[in-house]
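Each of the next two complexes has subunit A plus one more chain, namely subunit B in the first and subunit C in the second.
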Partner chain A sequence: MAPWLSSGLVYASGLALTAGSVTLLYIVTRTFNFAVASMATIGFYTVYTGVTLFGGLPYQYYPFAFIVGSITGFICYYGLNRPLLRRQAIETTLMMSTLGYDLILLSMIQMYADFLTHTYKIFPRRVTMSLFDFELFGDRAAAFILPVIAIGFLTILHIFLTKTKFGVAMRATIENPILAGASGINSDRVYLVSWIIGGGMAALGGSFMAMAMTGTPVMGMYTIPLMFAGAILGGLGSIYGGILGGLVIGLTEYAGVFLLSQQFGPWVLGYRMGIPLFIMAATLLVFPRGLSGIPLLKIIKNFAEQKRGARA
Partner chain B sequence: MTTQNGISDKFKNILLRRELHVGIIIAALLAFLYASRGINIILTILIQVTIFAIITMSLNLESGYTGIPQFGRVAAVIAGAFAVGGIPGRIMASFMGLPSGREYTLDTVNFKVVPEINNLLASSWLMSLGFLIMCIVIAGASGAIIGWLISRPAIRLKEAYLGISMLAIGDFFMWVGHNWNLLVGGSTPANVPDPFRIFGAARFNVIVPVFFVIAIIIFIYLNKLTRSPFGRNLRMLRDNELSANAAGLNIVKVRTQSLVIGACIAAIGGGLYVLYTGSVAAIGMTRLTFTFWPWAYMMLGGVGSNVGVFMGVFLLTILRTMIIIFRSQWFGFLLAVGIDPLWLEFTLLGAVIIIVILFLPHGLVPEKVEAMLPANRVKKVMAQREL
Partner chain C sequence: MLTVSNLSSGYGKLKVLYDLSIDVPEKELTVVVGPNGAGKTTLLCSIMNIANVFSGEILLQDSSIKGIPTHNLAQKGISYVPQMGNVFAELTVMDNLHMAGYMLSKSEAKDKAEQMTEIFPVLKKFIHRLAGTLSGGERRMLAIAMGLMKNPKLMLLDELSTDLAPIIAERVMMEVARMRDELGITILMVEQMAKRALEIGDTAYLLVSGEVKYSGDASALLHEPELCSMYLGIKHSSDKGKEFELSVMDEGSEDN
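Let's turn to the complex of A and B:
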């Protein structure tokens, strides 16, 4: 694989998970979760701590990253989101509350990085996680393993949402909270589970992204516009849309930087953030409701009908 | 007897006002800081308060009065800062026959040109004053232009989409400034000519009253503006967009006006900040400093109340400064395990936002329902109507 494609795939699968987490929490609780930034960074630091202190490969610590992320989501729901949802706060208030939580988590991450430096004499402020990776088919293993993990995770999520009773209840709450409540679904538990899954997804996504970029305590802070751009590109309507949006944003960033820097020279690298934002703006101009607003089924149907008409 | 009662009631009302309580706390904290660290720390706090009060009041106009989720305040601040960093110096240099084109902001040229401009400015107070006014005008104009440009695509988006696209635009501006070294020097900050050089060592003492006067003028202007019919339009739009539309309000126009005025004021704040620090470091223009801190100031002070915003800025700036200057005395236990207590600044910011949202939703000084006209004038108007 070309180097831009392998790191692009790693980065994009991480971004897809975080954008999916943002979308999930938005459609369930109407909360635009700023804390996804720190949750992603926490996932990275969980993996980093495991690898440096206990050895082994980064991949074996991903379950722990998921669990730690879920715990931060759990705390956020009980401490912050639940009282505000009960008060029926407006969207901006919900957004600001997660921003406050994000800043507290950020300060804790910074303190934890200081603590690691002082106690274990390691340097957690500029980490290249890909150094802990191994080689597979003449390329870095992450390029193959991480997309597979992401697809596996999404398959489990899909099965959970479509085949289990609780998953169906969750989808019912997403579709129509009042009707779901009237038919006896405990919306409180649905919110809680979505925060747990959302937090875990964000942490997992952050630990994926760290394999393609330099891991720093402010890594989530720098990439959060892209996570949001992915979610918005997906249309904030369905989890799959958000995941697709994150994937598109991540891949176009790497592909765009590669192509443009070949064309115009390396100065393009400084403006790399502009490429995904430009794509987001362009997509929103054409499809105001994001990728999930594209009437794909309708287009296929029309096409098929035209063919049939031509035959008849 | 009745007048006696009236006076004591009035007195009681004044005593019960929230503004007074918060003011006393602020005064006590300032006195404590003055006693322990001297006058310089007070001046630093005052400069920060004036700059951030200007930025936060502009945010209050857009978010507090109009209800736009402005998460890209930093974009307008950057517009003002970059304009003051790039344009007035070039104008001066071209008049003096110095390199003023593309090469002005290159670090090898910049550090020779700016001291010469400074020498010229220091020779006459009239020129210094003119330069200061030119800086403010340029900052405000560029802020208004950028605000209008941003408002074009953003105005039709819905709540969350609008906030996030503004946040992304703000971040993008920062990266452009950091990488494009023609603008303000890129990663090597360009110096800014200093209109306060003429005062020499007393520079600091002069900056404080000048900035304070500018902040007070903006405060009075915004107070007048939000009490005018235009201000009532803004509040109508915030409280119920549908009914505002039904009442015949042109929503897009009112929103655009609010965004442009807010961006203009925020850009003036950014320009003053650059004049105070003396250089434009693009990488320092983060959304944390110029979007999230102003949001916290506004929410603590009270959304939709300009007095409250002033108080919020004052209180939080003092607390921030206290964490910085007392970090080794109060937080020694953190230093013992290698943790820098400066990170507590973020904890403070986050905790303030959360506590305000959960327990103090209207802030320290809540928004008041303001009478459109003084009571006696209302009576006069009513009497005229009856005639």
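Let's turn to the complex of A and C:
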């Protein structure tokens, strides 16, 4: 596998999860969750702590990353989002409250990094997580394992949302909270579960992304524009759209950097973030409702009809 | 069954209802009519704890339900069918029915959903279709079926005939009357199609600018020419000494 593709797949898998997290929390609670940045970093540090202190492979600590992320989501909902939603806070207030929460989490991450340095004499401020990886089919294992984990997670999420009573209730609440309440669905519980899943997805995504980039206490802050770009590219109306948006943003960043650096030289690397943002802007100009607004079925149907017509 | 006394409510700080009192007797169809902006929907939203209640009391079978979260009111046997957004458009008809029976056990919900498709055969045909693809009349039938899924003691129906063709609206009204007569459900219905609602209703309240202007027998309101023409758009044409003839100035619109 080409290096840009293997790294791109790892990175894009993580970005897809974080963008999905941003979208999920936006469509359920109208909140643009800026804390996704630190939640992602927390996911990375959970896995890092596991491999450095207890040994083993990063993959075995991903469930812990999800759990720790879920706890941060739980705290954010009960501590901030729920009281503000009850006071009918506007979207800007909800958004700014998560920015405040992100800064608190960022401070705690910095303190935790210092704690690791002073207590265990390890250096967690610039970490190359791929060093803990192993080789598979002549390439880094993460390039195969992480997309599979991401697809597995999304399959479980899809089954949860479409086949379980609570999952369908979540979709019902997302679509029409008043009717859902009148049907006996406790929207408070739906919001809480969304934050738990959203926090877990962000942390899992962050721990994936750290396998392709340098893990630092500010890695979430550095990549948050791309997490939001993925969610916006997805159209902000569908979790699946957000996930697809994140995947496209992640892959185009790596593919774009590779192609442009071959053409113009390595100085292009400094502008790598501009490539996916340009792709996002161009896509939105053509499809203002994002990827989830593209009438894919209609396009496929038209294409099939045209082909049939050409054959006839 | 339901007693609302001295209710003042609205949205945010805006007051819509002023010191309003109504009584909904058991197994009867109580109709609330009035011009646009009278506060009819706000009344139902206040009962369901969707609007802000500033003062007053709401009693269901003599116990207060004021301030109880909306999802708990459904558990108390109140079923609310809103005017707009009364089905989950992105879910199938079957999922809509199951969500409406969210508090029921899996087997109960399944049985009840089957029962609903027998009462409303049109739903059986579209059981796996997305509710958003149904016509206006079909959607309204689904909304009523969803209301019935909860085995309600009390149904709150908000302008069921809105946007329906007169013939479909008539069918919906007949279903409402059937729910009272055959299933013995207590109904509080807010309706724009005033003439037909008053014909099938038992008790009526005329609401104007958040206040009750008339309360009493539903059909008797039809014989109040001044109130009917001023607030309900029902024109009375009378020949000297003859009985009133009622005609509706504007009733219903196209089915969507």
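FYI, the second predicted complex is superposed on the first by the 300 of 312 C-alpha atoms of A that agree within 3 Å, B and C clash if a C-alpha of one lies under 4 Å from a C-alpha of the other, contacts with A are read in each partner's own complex, and residues count from 1 in each chain.
Here is the rule we use: contacts are C-beta pairs under 8 Å (C-beta built on N, C-alpha and C of every residue); 3 or more make two chains touch, one makes a residue touch a chain.
Every value quoted in this text rests on a predicted model; they were computed, and no experiment measured them.
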Message: Using the superposition on subunit A, tell me whether subunit B and subunit C clash or fit.
response: fit
Message: Contact-wise, after the overlay, does A:V286 reach subunit B, subunit C, both or neither (first, second, both, neither)?
response: neither
- request: Applying the touch criterion given at the start, work out whether A:N176 contacts subunit B, subunit C, both or neither, answering first, second, both or neither.
  value: second
Message: Contacts for A:L106 in the overlay, against subunit B (first) and subunit C (second): which applies, first, second, both or neither?
response: first
Query: If you count the residues of subunit A that each partner touches, which comes out higher, subunit B or subunit C?
result: B
Field: Centroid geometry (CA): angle subunit B/subunit A/subunit C, rounded to a multiple of 10 degrees
entry: 90
Query: Regarding the shared-chain residue A:K165, is it in contact with subunit B (first), subunit C (second), both, or neither?
result: second
Task: Answer with first, second, both or neither: which of subunit B and subunit C does A:N186 touch in the superposed model?
output: second
Field: First, second, both or neither for A:L131, with subunit B first and subunit C second
entry: neither
Closest Cα approach, subunit C to subunit B, once both complexes are overlaid on chain A (Å): 15
Field: Residues on subunit A lying within both footprints (that of subunit B and that of subunit C)
entry: none
Field: For the subunit A and subunit B complex, residues of the former touching the latter
entry: 26, 32, 80, 83-84, 89, 91-93, 95-97, 99-108, 110-111, 114-115, 117-119, 221, 225, 228-229, 232, 236, 267, 270-271, 273-274, 277, 280-281, 284-285
- line: The subunit B residues in contact with subunit A across the complex are 63, 69, 153, 157, 159-161, 163-165, 167-169, 171-172, 175-176, 178-180, 288, 292, 295, 299, 334, 337-340, 343-347, 349-354, 357-358, 361
- prompt: Which of the residues in subunit C end up touching subunit A in this complex?
  reply: 12, 48, 50, 69-71, 73-75, 79-80, 82, 85-91, 95, 98-100, 102-103, 106, 146, 150
- request: Sort out for me which residues of subunit A touch subunit C in the complex.
  value: 88, 165, 168-169, 171-172, 175-176, 178-187
